[in-house]
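Note that chain A is present in both complexes that follow, paired respectively with chain B and with chain C.
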Partner chain A sequence: MALKRPSGRKADELRQMTAKVGVIPNADGSAIFAFGNTVAIAAVYGPRQLHPQHMQDPSSGILRCNYDLLSFSVNERKKPGPSRRSQEISKVTEWALLPVLNLEEFPNTVIDVQIYIIQADAGTRTAGINAASLALAHAGIPMKNLICSVAVGKQNKDIIVDLDKEEEDFEEGEGATDFPIAKIANTNQFTLLQLDGKIPPERVKEALEFANKACEEIYQVQKKALKEVIEK
Partner chain B sequence: MSSMHTSNLTIDKLRKMFSLEKRFDGRKLHDYRNLDVSLEISNCAEGSARVKLGKTEVLVGVKMSLDTPYPDSPDKGNLMVSGDLLPLASPRFESGPPKFGAIELSRLVDRAIRESGMIDFAKLVVKKEELVWTVIIDIYPINDDGNLIDASTIGAIAALKTAVIPNIENEKVDYKKRTSKKLPLSKEIAPLSISFYKLGDSIILDPTREEEEACEARITYGLSKWEGEYMINSCQKAGKVFITQEEIEAIMKILPKKFEELSEKLKKFI
Partner chain C sequence: MVKNTINKAHEAKEDYLEDSSKKRKIVIPGEIIVSGEDYLPGDGARREGENVLANHYGLAEELGRVIKVIPITGAFIPRRNNVVIGRVTNITFNGWLIDIDSASSGFLPIEESPRFINKSEMNQFLAIGEVIAAKIWSINTRGIDLTLKGKGLGKLEGGFIFRVSPNRVPRIIGREGSMINLIKENTSCNITVGQNGWVWIKGESIESEIKARKAIEFVTEKVYINGLTEKMEEWLREN
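== the complex of A and B ==
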């Protein structure tokens, strides 16, 4: 049976992406990244002196990410303040970004990355990571490469890319699987892998190939956004 | 000494040993330590278990509470998993509100169980839209010698299997009156967590505390069997280094074998 996504998209078709760099004048670096109706904004402050002093690491700078939803970004108002979910996403975002940063070059400092979701329609952590990656580059922090992130997933037995909320709530057959990933652009190196749902081990490779293709497209959008701000 | 972090010397030594497929305790890189499970270790809990994985030891209890359902799932019971890293269990744990380690531990166990479909939440409804059971799984490591996630999931599964639903009288729970009514659990599905740790180019399983601290990345899978097929139900990568596609593909080949091996060991106890 031919695949039918609620959104009408092809299996490997991403939502319309938009990216804009330099959206928060106060920040050292900032960006907005959107997958369709999911919109994330990120700001970078630093590297700056870390306080309290006892948290400083003389051998390396540290990266501190904070991800959260704005209270009105979801249907039922999200109570402001960190939840267990947002704390976990903040941490996996840190892990996703760390492999491209040379923090040893900035001892005793912290780089703060603030990510907020303005409008949520699934895929918020991946949109947040794409925005954060752009914001870090915009802040002029030395990076080995950009990080590209997307959720692949499964709708019953079909692998699809960049699920929206309606697709995430799919319940027939094997249901919906959400498989957010992040990788170092143009490599086979993955920095974020999470999963909720059902996928047989032998199909993981296929899902990663979907992610690889999607990340190439995301990389082009990110590169274009960075060029725009430099050429201005 | 016990509260010291793993030294760079030890980390370098481990890196070299792993690349020669050796470990301090003589195990192969993908070997688990000895598993021991005892059931019903606390008689006020609706279900409980103690798991020993080498020197790592975890106590898990199941309590049931009667609640109103969430508005978005009026015809389903609930699952709540919490974990507490008590200062009792390690010189590295501090008292106070749960830190990230405790939050991540409980969320990983939660996802492995929830997504596997082991618990039939529809059968935990007492009165539709008014009263449902919440299954609460509490995890307390009492000695941390590494790989708490895998040990805790085993503990949670064992505790769930022993758990009974308490008696209800006038819409109140009578915890003292034991029943023999088991939780609505699938007979076929028993998920497990399998965590792979990476140091240099080596990938190991079931690390001791020292090995775990030396490792640069971790990837935890929640795995189960669903309609006769292996299914990954949850996954989370942690740590400061990346993991390559080749490494992931290699792990996919190891996963089902380790799942069978651990499931066999667990069957002896439950």
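== the complex of A and C ==
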């Protein structure tokens, strides 16, 4: 049976991506990244002095991420302010980004990353990570490489990539699985693996291959965004 | 071999450069700049096996065998001997704390002021909120030490201050100060540019000060164009 996605996309087809850096003039680095209707804005401030002082690390700078789903980004108004969900996503975003950063050059300092989702249509954490990675690069922070992130998933028994909200709410058969992934560009090192739903262990490899292919496309979009900033 | 590494789109513009041995292209973190054992990684670059990779986002430059990446965005990273403009935030028993718009604040010890100052009269020499041009004397784990001993350093009185991106400062100053001197001559203003991106302007009239500010903002917008000094001369004639 041929796969039929509600959006009419192919199994390995991503939504239309847009990326741009330098969108926030007062930030040290900033970026906007969109997967179709999911739009994330990231701003980077720092390295700057860290307060409270007891959090300072004399051996290395620290990274502090804040993810927020804005109240108008979803159909039903979300109560503004931090929640259990946003705190968790902030933390996993931090862990996803940290392996590529070299913060030893900035002891006792903090790099603040603010991620705001201004429009949500599933895959917000992955869009947020992509935007944050671009913003960090744009802020001139020493990095080993960029981070690319995408959600793969399963709709009934078919592996699909970059789920939107309608696909995430798919309920027939085995239902939908959401499998967000982040990896270091051009390598096989993953920095984020989460799983919401069910996937047989033998199919994880298949899912990762989908992610690899998608991340390659995302990397090209990110690269283009950083390269075209010059000359206005 | 060397030719292949040049970004073709930038080749035409490079002809303007007097120093044609410099080749520049925009690189992103982790991108391979050149490959081969002949090259040495400089500032902002690293070696990984065969290749020389960029460590941060910026313009890659080839200086002989050395590859370095010049940052084009981001916050000010203090270096020794930088002249910075800062504001006094606190007075301690043996010096002044100066906000220099970087991750750690600067400290100006009383011994580093140009003349002897009695410890009881420190706020008469520099009060909280006053602005100085100082040089970074040393950077250590405790913070940044500043000095006022040197040409052009000291308290800045009158005029006004505005901020530009710290990465644009070398362009504002120009080769051996060519750009900044051009602006100074044409507007007859006193201008001090701190490496932290703070610019202080004081002129005879508000109009000349505004003209100087606009001229500097013109330079910061046109950072990637070569032959900028000639364009600046043209701009100053028109305005």
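Here, the second predicted complex is superposed on the first by the 229 of 232 C-alpha atoms of A that agree within 3 Å, B and C clash if a C-alpha of one lies under 4 Å from a C-alpha of the other, contacts with A are read in each partner's own complex, and residues count from 1 in each chain.
Operating definition for what follows: contacts are C-beta pairs under 8 Å (C-beta built on N, C-alpha and C of every residue); 3 or more make two chains touch, one makes a residue touch a chain.
Computed from a predicted structure; not experimentally measured.
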Superpose on chain A as described above, then tell me if chain B and chain C fit or clash. fit
Value for angle(chain B, chain A, chain C) over C-alpha centres, in degrees, nearest 10, is 130
Once chain A of both complexes is superposed, is A:Asp28 in touch with chain B (first), chain C (second), both, or neither? second
For A:Pro47, is the partner it touches chain B (first), chain C (second), both, or none of the two (neither)? second
Touching A:Asn188 in the superposition: chain B (first), chain C (second), both, neither? first
Can A:Thr18 be said to touch chain B (first), chain C (second), both, or neither? neither
Scan A:Asp196 for contacts with chain B and chain C and give back first, second, both or neither. first
Tell me the contact category for A:Lys91 with respect to chain B and chain C: first, second, both or neither. first
Touching partner for A:Phe106 - first (chain B), second (chain C), both, neither: second
Applying the document's definition of touch, where does A:Ser71 land relative to chain B and chain C: first, second, both, or neither? neither
Distance floor for C-alpha atoms, chain B against chain C, superposed on A, in Å, equals 16
Does any part of chain A touch chain B in one structure and chain C in the other, and if so which residues? none
Contacting residues of chain A [partner chain B, same complex]: 84-85, 87-88, 91-92, 95, 98-99, 179, 183-184, 188-202, 204-205, 208, 212
Of all residues in chain C, those that touch chain A in their complex: 26, 28-31, 44, 55-58, 71-75, 77, 103-105, 141, 167, 221, 224-225
What part of chain A is in contact with chain C in the complex they form? 22, 28-29, 46-49, 58, 100, 102, 106-109, 137-146, 185-186, 222-223, 226-227, 230-232
Given the complex with chain A, which residues does chain B contribute to the contact? 100, 103-104, 106-107, 111, 115, 219, 223, 226, 229-246, 248-249, 252-253, 255-256
